[in-house]
Structures are given as C-alpha cells and as structure tokens.
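Below, subunit A partners subunit B and then partners subunit C, in two separate complexes.
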Partner chain A sequence: MNFGRLALPVLALALAPLLPGIINRTKAVIGGRDGQPLLQLYYDLAKLVRKGAVYSHTTSWVFRAGPVVGLVSAVAVLAVLPLGGTSAPAGFSGDLIFMAYMLGLMRFFTVIAALDTGSAFEGMGASREVQFSALAEPVLLMALAALSLAARGSGASLGGGLFSLSAIYSHLSISTWMRSGPALLLVAGALWVVFLAENSRIPFDDPNTHLELTMIHEVMVLDHSGPDFAMILYGASLKMWILGALLAGLLVPVRSGNIWIDTGACVFGLFVLAVLTGVVESVMARLRLTRVPQLLVSAGFLSTFALALIIWS
Partner chain B sequence: MNLFTDVVIAVLILTNLRLIASSRISACIYAVACQGVLLGVLPLLVGSSHLMVRACALSGVTVMLKGFFFPWLLLRALKSANVRREMEPLVGYTSSLMIGALLLATAMWFGRQLPLPVPAHSPMVLPLAMFNIMVGLFVIVSRAKAITQVLGYLVMENGIYAFGLAFALSEPSLVELGILLDAFMAVFVMGITIFHISREFDHMDTDRLTALRD
Partner chain C sequence: MSISIANIFSITNGQAAPICDVTAMDRRDFCQAIIEATGQGLRISALFGQPVGGGRTRLWAVLARDNKSLLLLLYTDIDGNRYDSLTPYCTQAHWFEREIFEQCGLEPSGHPWLKPIRFPTRTETAPRIGDADFFRVEGEEVHEVAVGPVHAGIIEPGHFRFQCHGENVFHLEISLGYQHRGVERKLVGGPDRRTLHYMETLAGDTSIGHALAYSELVETLGATSSPARAQVLRGIALELERIANHTGDLGALAGDVGYLPTLSYCGRIRGDALNMTALICGNRFGRGLVKPGGTGFDIDVQRRDELLRRLDILEKDLFVAIGLLWNSSSVMARFESTGTISGQDCKELGLVGPAARGCGVERDIRCDFPHGIFQLEQIPVSTCPTGDVFARGYVRWLEIQRSVTFIREQLKGLPGGDPLVAVGPLKPGRIAVSLVEGWRGEICHVALSDPDGKFAAYKVIDPSFHNWFGLAYALRGQQISDFPLCNKSFNLSYCGHDL
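Now for the complex of A and B:
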C-alpha cells in the first residue's frame, strides 16, 4: 500500500509527457495526417537537455529561475496529488490550497521570466495569461470546494481532514454520484474548462500557432532554449497531468479498494481525457479573445451553482 | 426519479445561463424553446400517480406551446422583421453572467426562506421558479430589442409556471391553463407589435421609442 502511494509521483513523472503525444496523435488521425509519433515529447526532451542554453544580455537571474521554479512547483504538487481513489504520499489537510497556489507560483515565475526578457510580445502573452488565470483560479477552488462538500456528504468521516485532496477523492464513489450527480456533472464541466484554459488548449489558446498575436502560453517561452525549454515543456505536461487527474478522478469513480484497478482506471481516464482534448482541438476554432473571459465566467457560474446545489439540497 | 428531476432542474437553470450569455437572438430563442420543453416534462416527474391524466394533458399543451409554437412565432417575427441577429445588450455579457450568479444565489436563498403550505416535491423547484422570474426581469431591462423582451417575458412566465408546479397537488388545472392562454395571447400580440415596430422604424430597439413625440 505504502509502496503504491510512493509510486504515484513516479508514475506521473514517467507518463505525463505521453498526454500531449496522445492529443497530437488524435489530431493527426482526425485530420488524416501521419503526424508526429506518440513519444515525440520524450524525444524532444532528450534532444533539448543535450543542448546548451542561450541567455540574452538583458535578462537577469529571474529569467534563469523561471523554468526551474516552474518545474519544481509542478513536482511538489505531485506529492499531494491523488490519482482516483489512491491517496497521495504526502497529502495533508488543506493541500488543495497548496496545489492551487503551487500552480499559481509556477505561472507567476513563467510570467515574470517572460517579462524579464523585455520583449513586447512576451509581455502581451504574460498579460493575457494572468488575465485568464485570474478568472480560472476561483473556478478551480470553487469546484474543489464543491467536491469537498459532496465527499463530506457521503457520511464517512474524512481521515486527513476536509480539505485534503486525497481524502476528498477517496470518498468520491458511485454512491456520491447517485446522490448528487447533477452537481458533480457541473463541477466536471467547470474543471474541464479550467483544464483546457490552464493548459492553453484550443478554445483558449492555440498551441500550434506561432503568431505572437494569437498565442498565450507559447509566446511567453519564446526566449527559453536548451535544458530550460525542456524544463518548461516537461513542467507543462506535468501541469496537464495534475489538472487532468483532478478531472479523471472525479469522472472515473472506480473505488474498488484494489490499488492496481483504481489507479489503472484513473490513468485510463486520463488518456481518454487527452483523446477528448484532441477531438475538441480538431473540431473547434480558437475563441475570440474577448469571448474567453466570458467562457471562464460561465465556468465560474457552473461551479458556484454546483456548490449551491450541494449545500442546499 | 428524484435524481432525474434534479437533472432536469439543473439543465433548466443552465438554459437561463445560455440566454443571458448568448449574443445571438436565434440562440436565445432556442434556449427558451428548450426551457419550454423541459418545463413541459417537469409535471410528469413531480406529479403524483393519481393525477397522471391531468399531468399528461398539461405537459402536452405546455410542450406544444412553449417548446414549438412560441419559438416558431418568434423565429418568424425575427425573419420578417429583418433586423441584425445580434443582441446589442445594455449590460455586457460577462457582467450579465456575474449578475446571473448573484441572482441565482438570491433565488436559492429566497427559495429556502419561503414557507410553503404543502411540501414541495423537490427542494430545487422554488429556487428555479424564483431564478426564472428574476432572470426574465433582468433580460427585459437589460436588452434593448423588443424580441428579447418577449423572451424575458416568456422566461418570467416559465418561472410562474414552475412556481405553480410546486403546488401541483392543490392547484386547479384551470388556473394553469388560464396562465398558458394569457402567455399565448401576449406572445401573439407582441409578435405582431415587433413586426409593426420594425416596419415603421426599420429597427426594433424599444429604448429609442422614448424619443417619439406626437
């Protein structure tokens, strides 16, 4: 059991770069292209760490610290991240706030590293990133609060406290779905929007475009190179794994008690999520920038509504 | 069954969200149509077994009128009025959504406070009714076009209908059918008014009607 818990972060570290690969394969298949191989991100990472990094004379230590802090924050979140019913190795009461603000720290350092380059384009990307994530963060916290209350309603006393992700997710079972299904569906919708927005996927940001005027995340990391860029890519895939695990743990309520079945089901759920993201990217266009806050506020409406439903019914 | 009622009520509340967030008039009309169909299904879910015939009749009439006839009338008015398909709201979409969330919280709080003579079937029916009435009023005051004001009126009427459902056991069906008839007449008259406003003035922005002199 204890070994299984310790294996969770290792699993995440090993499999996270697979998610962008699955998304890209899905897009290639739907688009009728050959596309890149499934393990492309692994190849990219291996290539990038062997290269040297180039630093502009105008940048300071902030620029060099950005990728490191980003990656470390993401890895720190893995220590408290449960996968389905399997608890995290270092979960504690209140770790959902820890998770939200570690992701916040990661974003903050990406943003100030982008601003440190003094490039107008990167400043624009940083401004958009901050604007959208300021709207996405309350949605995430509200959704997790709703989940926490739904899990408390399941009657069982929560070991490890009310605001521990591991405790919340280990109590989300089929019976929770039977009792407050509509609210949980709303939460899932809100988390799905947050997942797409925070990972800069298509309705919010186009990961393929290299037009500085339209992209958000990609534009902020233009000046990073070599191992730094590898850290950013790896950190981004870990972030996708983290937010995806929150959603997959909710949507795949397999709590059999067998650690292999539970974890396996959740990892499978994550892969399905990646395929769904690929489908969304294939059938949708990017939203107009002015419409993005509207969609995020709608997601906020969904999670508030879910919270109200759970409290009052 | 109760879970199913909750799902229907949640979707009903989400159609209101769609109504205040959408920028296209036709999308709003479809949202209201969807609301009408779901509201029509609701009596079947909350009605008890010995009232089944009445519930079926009410449900059938509601679905036909609110789900198909009113939207058809409004879409026809939209086509014949030949106006721009955009909403042009007086309050922006994002702030509308935030106000919507506030209204929802108020409606839920209010729905809990209200003492009922008979216990409601689902605790969410009253908040739904309150929310629909408030959103209807909000749409009437915050959107400039005559057709969206008709939509606001319809949503408000849906709220009153949902309020009636909370008392489905004790309310005579004559009252419900009377309300439906009123709504029918109102939408019919408003459809004609929209047509006349747009024919006379080449637009249907009601806030500009205040500039009229005799």
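Now for the complex of A and C:
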C-alpha cells in the first residue's frame, strides 16, 4: 500500500464540507442574496461537536449507532475511491461492489435509526428513502458496469481487475471518450441523476425545506442532535464527495500521469459539479413525490442502454 | 310547510335595521328556512347564538343572496339546550353549528361530527387545551400522522391529524383553538377606545379588511356616511393589502415546491407593497388608516405621485417574478391537479374568496354586495375553473393585476374634501351587517346594539372560518407530501378563526 496515496482520503475528509457551501453560494448569487459563508458547514460542525446530544426515552442503541455507522461507512468508501486517474490507497478487485454496499449500509442504519424513534414523520421519510434508493442503486451499479466495460475496451490490461474502481477510472481517458463517447454520455446522465437523488437535492428532495411532510432525507434525522447530527452532516457531505468523484472522474478525463494535475483536475470538476447543482436548484421546482420513481427508472434505462451500446459496439 | 325566501326580512350590505322589524320564527321554521334558502343557492354568512337570559339562546342567521345583493336576517329563540341539526341537510352549517355548541352549549341533535371547534374554557370540566377525540380510520395498513400544534416554520399553531394509507390521505381533521383570545366577548359593551385596535388585530394580515368592516358597521349604526374621499382611500388601502398578501402567497407557493427565483422576488416585492401602505399612514399593515367616520390619514399630491411611481415599478416587477412561475413547467407540474375541489363541492361547503373563485364560482363581495367606492367602480371578478392549487394561485395573480389597475385609476381621480367626519352615537336596538371582500375572502361583521346604544353582541366571521373545512376536504385522496402546498394555496388564518 502506497502511503503517499493516503493523501486522497485526507483530501476528501478536508474538502468535502466545502461542496454544500459552494451549492449554497451559487443559489444565493443567482437569487440575488449575499448568502452564507463558503465555510458554513465547517462552522456548523465545529458548533455541533461542542454541544450535548438529546436522546428520547423511546430510542435504543440503534438510534445512537445510526450516525456512527453512517460516518464510518462513508470513510471506508474513501479508502477505495479513486480521484480521476489517481488510484485509491486500498483499491481491490470488486471494490465497486464494496462501495455500493457500504453506501447501502450507511443508508440502512440511517433508516433503522429513524424507525427507532417511532415517529410518524421519520417512518414516512424512511419509507420514501428506501423506496427511492431501491431504484437508484441499480442505476449506479449499471453505470459502473458500463464504465468498467468501456475501460476494458481501451485495450490496456486492467491491473486490479475489471471490478476495481481505481483500475476503471485510471483507464478512462480522452481516447475512451473518442471511442464510446455517446455511451459514456448516457452513463454520465445516469450518474448525475443518482448524484442528485442520493444527496437529496432538488428535484428529488429539498434540503432547505422546513416542511416535514415533504421531506425525504432530512426528516429521518430530525431527532439527532449535537455530535450525532454533526456526524450525519459530515457523512452526508462525504457521500456527496464520493458520488461526485465518480461523476467528475468520468467527465474530466485528464490522465496526464502527473498526480498533481490529474487529482487537481478532478477536484476542480467536483467544484464545478457543485456549482451545477446550485444552478439546477435555482431554476427548477422539485418533483411531485409520485414522479420521483419515474425519473429514477428512466435513469436506469439510460445506464442499461449505455451498457448495451458498449457491449455491442 | 314551505317558506318563501322573498318573505324573509332582508337588508343590504352596510344597512342597519331595528331588531323589532325582524320577525321571530319558531325553531322549525327557522331550520326549514335555512335549508330551503341554501338549497336555492343562498349562503350562510353568519350563524350564531346570542344568550338572551332565562336560559334561552337566540339563534341568528345571516343568509347572503348574492344575485339580489340582499342579506336575509332571521332568528329564533331556543329554550333548553338542543335543537335539530341543520348540517345533515346543509353542509355549510357544519362549522357554525359546532361553534354554537361550543359557545352556547346548544346541542344540534343529529349533527354528524359534533365537537367544539376550539377548546372551550366555559366550564370547570372542560377538556384541557389540546385534548380532543379525532376521527380515526381503522385498519391494519392505515397509519396516523399528527402535525403540530408546534410547527417547524414560524407560523401560527394548529393541529392536523391525517389518516393515511402509505402516502395517500384518506382523511384530514384540523383542530384549531390554540389562538383563542376571547375577542368577541370583549367587544360586547363597546364600542370603546380599544375596539378599533381589536379589529386591526383580529387577523394581523387583514388589518384593513376588518377595520373597514367594523367602521362601516359603526357608521351605519350611527347613521353617518363617510366622505367620498375616505371611501376612495379605503378602497386603495384594501386593494394594497390584497396585492401585498397575494404576492406573499405566490412567493410562498413557489417556495413550497422549491422554486427559488419567485420566492426571493416575491418576498421583496411584498415588502414594496407594504411600504406603499406605510407611505400613506406610517404603518405597513395599515393600522390607524381606516377608522369610523373615514380615514385617519390623507394622501397629498406628492404622496400620490410617489404612489403612482411605485405602483408602476411594482407592476413591472410582479410581471417578471410571477411570470416565471407560470412559464416553468416543473412548477406547473406541481400546481396542476393538486388539491382539486369541484364547483359543486365549493358551493356546498360554502367556500369564499380566492378558494371559491379558484373553483370557477363567481363570488366576490365587491361585486355581489358593493359598498363604499365599489358601488361606483367595479373590479371584475377573477375566476379560474380548475379548482386546484394552480387555480387558487392564478386567481391571486389576476386579482393583483386588477387591483393595480384599480388603485391607479382611483389615485388619479381622488375626490376632494376632508376624509374624516364625526360619527354619531349608535342607534339603540338595531342590527347591522357589514360584508367586505378581504384578500382572503368574505369578512362578515354583525352587530346588535342594546337600548343604550352599546354592542349587545358582536360577531365576526373571518373568511378562514368558511374555508378551513375546505382545506381538509381538498386533501382527500391526495398525497400527504402535497399538504403543505395545498395549505399554502388556501393560506388561512388561525387567529382570525379562533377569535
């Protein structure tokens, strides 16, 4: 294991809370407001860890485990997450499945912690979250399968195998785009939908709303407070970094071999992604909840079609 | 036995009549008359009990006959504590009868869902505030969601109990009463120095509407008429209030679906409209502007020019901000077919204001019962036939435009003279009714004066009183996640209901 590569997870841990800040600033600028500071989430986290937590008498250890497991799962994914062409410190063959299921574990514990409170709101949020993620997860896996095949098509032998994220992303270069551009564009579309849905952004969810009845993700964490809530917010920003890195690594195919340029380009791509998310949130309303599955299923069709294109081209 | 509506004693809006002119009915005729009248399309504007001593309660009804601009008055004295309920035959009596049950202890026998609409504190044994039985749908897969009375936003308290099947709402029951202040009880024995201030704060966002209804009532009871200039100023103030609130509502509707541009713009533009009211009287909500006898403030030439200038800017800004809403397909997808009420249901429920006009029902006091400046200047009634959130929003937009036009015309043709005259003492033994189309809908004030020329009873029906049940009804069969949007499209007052 290359210890120099530990820089990658450290970078993620340090910069992830910046992404929500960029989104909020973008929305503020478009809305004609000054908006909150870019570093607002850092301030919030610092504030929350110094506070005490309040636990309802009806909750059990499950409620307390939720935020911890959530954060640990996200950090574990960072160990296998490549950034552009820069490989992850602990990548292995099959780590893309590992990533998908660590994110699944994170969600699972958020959901059961929400159910543990016994609140009608949190139960509703949990039910929505599970329903939508059941549709979003296949989209993610299909998209990664398509990327894997596209990378293998580049002719180079895949060190670390077909199912390693690091191997896949290090082979996604300009030439891959030249060869199977349309398919990759479809994959990017599908990943963009997954990015917005999984990070509870508009048009799927409204992170700013105060209306419990319309929330998906936010309503599940209403009862958490203090350091627990800090872990949830931090975990959520890491999740945004992870899913964003998958998309940015695809859209910014800079594979110069220079670790500084490759990583820097991908981080820049992540920031642009955050700006784009802010733009989307500024110009459209969120979907009616009954429409959300339709959009997710269409994203599923996009990634499946991309897979088919790559297999038969 | 049949009762002819034409034979029932009637007055016009803002007219006072001696109470002895109103013929007493026995309770059977009284109920029969209301059922027949509402069956023929009349509306219940007010239905309330007045304790008259000796353990008797006098039930008063004010029925609005829109097409003739007449208000039918009828009453009956009830001994004992029960009478036959109207609600099974006349849905719009539902809420009124529950209020009578709460306030007078009169039990309408046969009422399908009899419980107080607030938390009465009349007796020692009254339930604690917040204790109530709710309608329950039984079943394995039915779950109950309780929202409030403490809400996440900075809004008034109210409790909402949903019976849901997954995301679908079978039934919503709304429980109010957390804002009860006992204002109506305090008004008895007035008017005094406090009365006007009570009126301005019945519902803080309808200060002008309620103050106007009250002022017209006191003027008619005092046989005074307000000067022409004051009537125009009142009309301008009423329409400014409408513009400000409708703008705020449209912004909030956009906010509820996460559409930020209109939300941000409308928040500012609402402030601009409020500031125009402040330019006239120094208060953004128009307190102190409308008072019995006329208006407390006048508009001089510089202010008039400034208002006209600001009105042009306001109109331009509104076209941009609200135009975005109708041109954005993602917003329309949320507004259309959400919380639909049919025109028929709207009439049966007795809805008023933009909620009724959004169901395609032409119901507007400014047209049906014109008073003050509206007797001379008509504002066209704005309707939209679809009955959904979109319709309620779009009616607001149409009204904003027409109010802007109205204000502009009135400012240009302000009649001269003093805007304030002294009001005479109240004539004893009279009843008077005043209806005003506030921005939420029909505001109804009924006053009865005693032999000393003081209020023997004063009843206020805020438009929210008519519409709360409409909101509950609109949610049936909807998605629970659409509730906040539906709620905002009605935007009803909690304190105006609780009084």
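Keep in mind that, in the parts below, the second predicted complex is superposed on the first by the 309 of 313 C-alpha atoms of A that agree within 3 Å, B and C clash if a C-alpha of one lies under 4 Å from a C-alpha of the other, contacts with A are read in each partner's own complex, and residues count from 1 in each chain.
Convention: a residue touches a chain if its C-beta (ideal position, glycine included) is under 8 Å from a C-beta of that chain, and two chains touch if they have at least 3 such contacts.
Since we're looking at a predicted model, the values are computed, not measured.
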item	value
First (subunit B), second (subunit C), both or neither touched by A:33	second
Subunit B versus subunit C as contact partner of A:178, first or second or both or neither	first
Which superposed partner A:186 touches (first subunit B, second subunit C, both, neither)	first
Which of subunit B and subunit C A:312 touches, first, second, both or neither	first
Touching partner for A:284 - first (subunit B), second (subunit C), both, neither	second
Touching partner for A:293 - first (subunit B), second (subunit C), both, neither	first
Subunit B versus subunit C as contact partner of A:301, first or second or both or neither	first
In the complex with subunit B, residue positions of subunit A that touch it	178-179, 181-183, 185-186, 293-294, 297-298, 300-302, 304-305, 308-309, 312-313
Subunit A-facing residues of subunit C, complex	143-147, 152-153, 166-167, 254, 256-261, 264, 328, 330-331, 333-334, 338, 479-485
Contact footprint of subunit A on subunit B as seen in their complex	3, 6-7, 9-10, 13-14, 17, 21, 93-94, 97-98, 100-101, 104-105, 108, 112, 123-124, 127
For the subunit A and subunit C complex, residues of the former touching the latter	27, 30-33, 120-121, 123-124, 127-128, 202-203, 206, 208-214, 281-291
